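First the structure, which I've put down as structure tokens, then a few questions once you've had a look.
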Amino acid sequence: MSDHVYKKIQLVGSSKTSIEDAIHNAINTAAKSLHDLNWFEVVETRGNITDGKVDYFQVTIQVGFRLAG
Amino acid sequence: MSDHVYKKIQLVGSSKTSIEDAIHNAINTAAKSLHDLNWFEVVETRGNITDGKVDYFQVTIQVGFRLAG
Amino acid sequence: MSDHVYKKIQLVGSSKTSIEDAIHNAINTAAKSLHDLNWFEVVETRGNITDGKVDYFQVTIQVGFRLAG
Amino acid sequence: MSDHVYKKIQLVGSSKTSIEDAIHNAINTAAKSLHDLNWFEVVETRGNITDGKVDYFQVTIQVGFRLAG
Amino acid sequence: MSDHVYKKIQLVGSSKTSIEDAIHNAINTAAKSLHDLNWFEVVETRGNITDGKVDYFQVTIQVGFRLAG
Amino acid sequence: MSDHVYKKIQLVGSSKTSIEDAIHNAINTAAKSLHDLNWFEVVETRGNITDGKVDYFQVTIQVGFRLAG
Amino acid sequence: MSDHVYKKIQLVGSSKTSIEDAIHNAINTAAKSLHDLNWFEVVETRGNITDGKVDYFQVTIQVGFRLAG
Amino acid sequence: MSDHVYKKIQLVGSSKTSIEDAIHNAINTAAKSLHDLNWFEVVETRGNITDGKVDYFQVTIQVGFRLAG
Amino acid sequence: MSDHVYKKIQLVGSSKTSIEDAIHNAINTAAKSLHDLNWFEVVETRGNITDGKVDYFQVTIQVGFRLAG
Amino acid sequence: MSDHVYKKIQLVGSSKTSIEDAIHNAINTAAKSLHDLNWFEVVETRGNITDGKVDYFQVTIQVGFRLAG
Amino acid sequence: MSDHVYKKIQLVGSSKTSIEDAIHNAINTAAKSLHDLNWFEVVETRGNITDGKVDYFQVTIQVGFRLAG
Amino acid sequence: MSDHVYKKIQLVGSSKTSIEDAIHNAINTAAKSLHDLNWFEVVETRGNITDGKVDYFQVTIQVGFRLAG
């Protein structure tokens, strides 16, 4: 990695089932337009409540990817 | 939302199985006495260990709900 | 607990499936050499991405255990 | 103040015009049911965007009030 | 604790003598109306100065208590 | 929102008159090239001083917008 | 700026009308005794409540100014 | 307070006996040269250890005082 | 200190009487197995409540000690 | 600057020799595609270790640049 | 140190060459008017960019010095 | 890394010449007794001042290393 430069962008994924699934959704969307995704970091976990139940989880992540040298 | 006021309270839910389940438990309890629950934010995730294994997860969340105008 | 002293160490567990599993793995490893593990606190959640998908979750936790008096 | 105990609650006020107005709205609502409100602290400022413009500001505050001794 | 839900409230206690005493005062007041108080966490320590001397300490704590199931 | 992914970018707006106006300026600029702007969060408020007076306010915000699915 | 050294001091300004006005008041006072004020950063926004209404806003800022070389 | 401006300075007091005493020492020193001291906020608590025992506590506080208008 | 390396470990001490006593207890335990303890930093102060009263204070500290060169 | 809007992006640069060099590398890469770079802020400093030695430093920075009005 | 009181002030030094040099510059300036400087703590590292290159580093430090008893 | 567990310890290295050198010193000492050191994260940068000059830099880092499975 010593001669690479990475960019980190912040995404919010959501899922009705789990925190992990919300992360997967955010990364799947990023992977459509960005290559060389390398790692993610969870920044915030929150969610929406409807009728007294969790409707979906929303997870904000930072995604790091290599910039073309 | 522009003419509403919300209150945020802090709850700790627990579960033997998952972080999501601990969140569900906290919100289920809140929903018994509060209406118009709107969203939650995870503040802290921790848990208890017994005999070298996770006994239960404890998740502190803030729950936001609309105050009657 | 009033006459005990505890030590907290920081571990990073990983798992291909879930955040909870990464926590379990870190605690299982700690339990091999340390007794009286009492609680954990999640410090950071991140993970590795390969081919546009989450390869594994990495969860940093603090684990508290009682020191022999 | 030396013999008083205060409680702090967290409210989210909103306004289409300004941050100050969102704070006023939250405090006005609190004042309907609570007496002896003493001070507030801004915790977070955010807002909603519609059609490329700020629709309303949302300000989270902590409000401190004296508990009846 | 695995099947309980806890609520955390924020209180400010004060004392002319010590930080510990300010914590005691806040908890004593909470105990008049709330049962099953379990733990507290210090959030902030500050105080008032009069005539160049500490007049009283003000300690903000979070107090956790069990919600009736 | 449950099946959407959002991106958050960080902008700094400025204004000679108010914090709100600096936020408006940042969002107006973002709206020229981005659609589906949804919310903002204030990250930092600062400003420039000239001749002992505030010359302009600079407000750093995060702006969240929906990514085309 | 490359050969200058700056000092940052922390001030609390207040105003009955707005957050911006509280910032102006703090900077006006600083400008009476300090030259070469360059920038400010908002550290904390709070305020006093009287009779269920905001009595004044209190804004803590850091003010940076150049030290005479 | 609405027409006053306050300055906050950071001091470190120490004491062989208690945290409160370290705070008193810092404020006593400040009071020799500054009038109108109003409040303090604890920023950090640490200390020195000699021969396996606490030698003294060091408490960093911010002290707020009114600037002459 | 210029040619030394220090290690910091995190301990939780407790006491029924005071925050200072909880710090002493943690350091006394550390001193049984570690030499050259140099300083501590308070990380967190919390405690347990029983029957509406503080049962004991729990103070998390970091303890720094010199590693044998 | 009063009528400009800036964007901040987050980059990670690396270097085998120094923290400054890692910052230079990140900015050099950004400068290839972005004009009007104005300032940077260090967010995180970390690095990789191989065979018991620092292999390279990794510095995360935020880079601010002016958006075309 | 047990009977001393220290003051901490915040300075910003700059340098075209290195972070360390920016720290040296800030301390050199402080040493012209203050005696008994004891330690510094880095608060923030940032810098200015001109023509796509780092023009100078700006390092904000807190400097602690003993107050005359 | 997916089936490994890592431990993070906190070290303070010092150097009369540079921040990087202080990091190297801490890691060199750790490498004498620990294998499989993988990465470090800078937690705090501070230093000692003697006669108005930086005497040495002290850098606190977290060092991560793989635990034997």
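Some points to look at:
The chains carry the letters A, B, C, D, E, F, G, H, I, J, K and L, assigned in the order they are written, with residues numbered from 1 in each.
What we mean here is this: contacts are C-beta pairs under 8 Å (C-beta built on N, C-alpha and C of every residue); 3 or more make two chains touch, one makes a residue touch a chain.
None of the values given here were measured: they were computed from a predicted structure.
Between the contact lists of chain F and chain L, the overlap consists of J. Note on connectivity: the fewest steps through touching chains from chain C to chain J is 2.
Compared with chain C, the chain whose C-alpha mean position is the greatest distance off is G.
At the interface between chain D and chain E, two copies of one sequence, fewer than half of the residue numbers in use are shared by both copies. Chain centres here are means of the Cα atoms, and by that rule the chain farthest away from chain F is I.
Matched by residue number, over half of the contacts between the chains of A-F recur in the interface of D-E, chosen from H-I, D-E or D-G.
Each chain gets one centre point, the mean of its Cα atoms, and the points for chain C and chain G are 44 Å apart. Measuring from the averaged C-alpha position of chain D to that of chain F gives a distance of 22 Å.
Between the Cα centres of chain F and chain K there is a gap of 31 Å. In terms of their C-alpha centroids, the spacing between chain C and chain K amounts to 38 Å. Looking at chain B, residues 9, 18-19, 30, 48 sit in touch with two or more other chains. Chains touching one another form the pairs A-B, A-C, A-F, A-J, B-C, B-D, B-E, C-I, C-L, D-E, D-F, D-G, E-H, E-I, F-G, F-J, G-H, G-K, H-I, H-K, I-L, J-K, J-L, K-L.
If you check the complex, the residues on chain H that touch chain I are 17-19, 44-49, 52-54, 57. Note for the complex: chain F touches chain J at residues 9-16, 25-26, 29-30, 48, 55-56, 58, 60. On the side of chain C, the complex with chain I involves touching residues 1-9, 62, 64, 67, 69.
Residues 18-20, 23-24, 27-28, 30-31, 35, 37-42, 63 of chain L are the ones touching chain J in the complex.
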